[in-house]
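Below you'll find the structures, each written out as structure tokens.
What follows is chain A paired twice: with chain B in the first complex and chain C in the second.
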Partner chain A sequence: MNWLRVIALSFLFLLLVPILVLLYFGLGPLRTPVGYGPEVFRSVALSLVSSAVAATVDVVAFTPLAYYLARNRNRVTESLVDIPVSIPHPIIGVALLVVSSPITPTGAFLISIGINLFNSIAGLVIALVVVSAPIYVKSLQPYFESRDPSPEQFAMGLGASQLRTFFTVVLPDSSRSVISGALLAMSRGLSEFGSIAILAYYVLQSPFYGVNPASVLIYQYYSYFGLGAAVTTSVTLIVISVPLAMAVRFVRRG
Partner chain B sequence: MSGFEGAAKSNAASDWSSAFASLASGMVKVGISDPNADPAGLRGWLVLEAAGSLYEGNQSAYAAPLLHEKANVTGSAAANMVAPLQAGQFQFLFTYRSAAIAQHLGYLQLDHRVNLGDQKLASSYALLTYRLASGLTKGAPIILCMTVPTNAPHASEAMQFVQYLAKSSGPVVSAYGLQPFTPPLLYNNTAPPPFVSQMLADGVVAQGGSLGP
Partner chain C sequence: MQKRFGRFSLDAAMSEGGFVCLAGKNGSGKTTFLRIVAGLTKPDGGHVKVNGSDITRLPIEKRGVVLVTPGSSIPGMEVDEHILLGARLKRAEVSEERVATVKRELGIDFQGRVAKLSLGMCERVSLATALLAAPAGILVDEAFSNLHDREGFIASYRRLAADAGIHVVFSTQDESDGRLAEHLYTLDDGRATKRF
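Presenting the complex of A and B:
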């Protein structure tokens, strides 16, 4: 008997029990049509699109940071990266609300250039970027650390800058890890609630006018329409997000 | 805002008309909570309809342009929209006067034919309609009620609280802009519990009628 395996799998099972119970009740005794109605699918579509856009922003903006931290260990910078995930996420929502408030200089500036974060797709995406970027960086940094640095040293030995080395030597054969990190960031975005409940409870822009992000919709159903609606909507979101989580593994393993 | 303040001061229909037209013009953002989730949001839309009906002879006179201009900002509950209002994300919020007082917000006193606050105007409020997800809803005076649930875990303390409010709530609720019935009214469809019957017998509360839509 492999006791390590028994203990590990037992606790994994315990971890999954709430989800399994939810699936059972959502697909069975508590199944409520509103939980898989058009409003839910519009909401899930909004969450998928905004999470995908946020993950794309993570890739474009934060891949260099993951590489930089891997090759230039700096505890202060690494601690700064951790801040958005180590504070309660409603704080992120309140902070972005203040940043975009017309009564603050930052908000006045954003509005003057046509950027509105409150109840907008841009606000939703930015909140998701803030909460998912640290996850993305932390998932990608170990990959860069584990890479054989010889090709990079060779390129820099020929006179290439670290930035050029990053783009021409490192990135081209890092696509699998980058995609895996992006999917992980997207999963994180899909599950976000605290910040977006404050900043983008609804989106008031086409093509998602009047649509809640999925996690917010579940909370709204829980608050106003009862357990059945909340459980069924939760199951709908789980059915959509679990394949995403599995895709992370498949991409990573190749 | 100044248009509304002027209208509130003069109470002239033309001033109110002009103020509501500005409100619905898209020049300002107006917070109205989700009417399906929050009664305050439903009342917000009904108030706009009442104002349209009273000042323009058309219930949609203000609600329609507000929607057309996408000038309405929504949220799950009016209470959750106070912080973004204070942050300047929108300029007006439809909520109860009691909530505005409790939150120390500046507020405008609307005409009683518009504000759904006059029980004597129940029949004219009933001409207003709004379609919720659950169906068509008619306007009605806003009346706050309280009850003790059958299985309340602290029923005895809850009943004492009801007695306290029934006997001495006037100044407490008036401080928040509410207009208490004097005496308080009992609305019921079943026999009231003994302590309420006693208050009825003592004249502390009066019979209000039956519960129901």
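Presenting the complex of A and C:
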């Protein structure tokens, strides 16, 4: 008997019990049509699109940070990266609301150049970037740390700057880890609730006018229609997001 | 130059240029010495001068010195792209004749992605890349070790480096490799001695 396996898989099972119970009741006894109606699919579409855009922003803007942290150990910078994940997410929503409020200089500036974060797709994406970027950076940093630095040091000795080395030597064979990190960031974006419930409870822009992000819609259905609708809507979101989370593993393993 | 790691201290001086052999046992300080010259490790004291210029405080990419180790090659590149990397970074022209000579002399008669090559082939590619980049100095840290025609290769490398006016320091555990060099330094427990 492999006791390590027994202990490990038992606790994994316990971790998954709430999801399995949810799937059973959502597909069976508590199934409610409103939970897989058109409004739910519009919501899921909004969450998928905004999470995908946020993950793309993470890749473009934060891959250099993950590499920088891997090659220049700096505890202060690493602690700063942890801040958005270590504070309650409603605080992020409130902070972004203040940043975009017309009563603050930042908000006045953003509005003057036509950027409104409140109940907008831009606000939704920015909130998702703030909460998913630290996860993305933390998932990619160990990969960069595990790479043999010799080729990078060689390129720098030949005259390449650290930035050039990053683009010439490191990025070309890092696509698998970057995609895996992006899928993880997208999963995190899909599951976000706290910040977007404050900043983008719904969006008021085409093609998602009046649509709530999926996590917000589940909360709203729970408040309006009760447990059955919330459970069925949750199952719809799980059926779509779990394959995404599993894809992270497959991409990483190749 | 001086460097201290816990109980180990390196206190070594090297004044000769040309083609230099640095011999010493494991843990004698060879790699630390070469990394300090390359700018990858900060010394606790002393100076690094190449062709009369003090490069001690210059960043790695501005020192004009490249460190080649057995793991230096860049796996994602094609061989021909790789060997011209240094020249491309400097936007320097390298004649086709020079490229052909270096490839022939160093036995680079293969193509393809570096990731698919054997360790010895990778060493040849890295060493050719360093030569064609025409730096002031090349530091070879055990990167002559996986070559089947080692002595012939080192002789060719010495000739090609001399033609381009490049100083080369190569580290080895075998003191008898000194016969392949113009000068031999030995390192023992962090202390360098010039043999010839």
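FYI, the second predicted complex is superposed on the first by the 254 of 254 C-alpha atoms of A that agree within 3 Å, B and C clash if a C-alpha of one lies under 4 Å from a C-alpha of the other, contacts with A are read in each partner's own complex, and residues count from 1 in each chain.
As a working rule, a residue touches a chain if its C-beta (ideal position, glycine included) is under 8 Å from a C-beta of that chain, and two chains touch if they have at least 3 such contacts.
Values in this document were obtained by computation on a predicted structure and should not be read as measured data.
When both complexes are overlaid on chain A, the residue A:P102 reaches chain B alone and has no touch with chain C. Shared-chain residue A:Y224: touches chain B; no touch with chain C. When the shared chain is aligned, chain C comes close enough to touch A:P151, but chain B does not. Judged by the touch definition given at the top, the superposed model places A:R73 against neither chain B nor chain C.
Once the two complexes are overlaid on the shared chain, A:R176 sits clear of chain B and of chain C alike. Overlaid on A, the two complexes show chain B and chain C touching no common residue of chain A. The touching residues of chain B, when paired with chain A in their complex, are 34, 36-37, 70, 73-76, 80, 83-84, 87-89.
Those residues of chain C that touch chain A in the complex are listed here as 38, 40, 60-63, 65-69, 71-77, 85-86, 89-90, 115, 126, 129-130, 133, 135. Those residues of chain A that touch chain B in the shared complex are 94, 97-98, 100-103, 107, 118-119, 198, 201-202, 204, 209-210, 220, 223-224. By the touch criterion given at the top, residues 148, 150-151, 153-162, 164, 168-169, 172-173 of chain A touch chain C in their complex.
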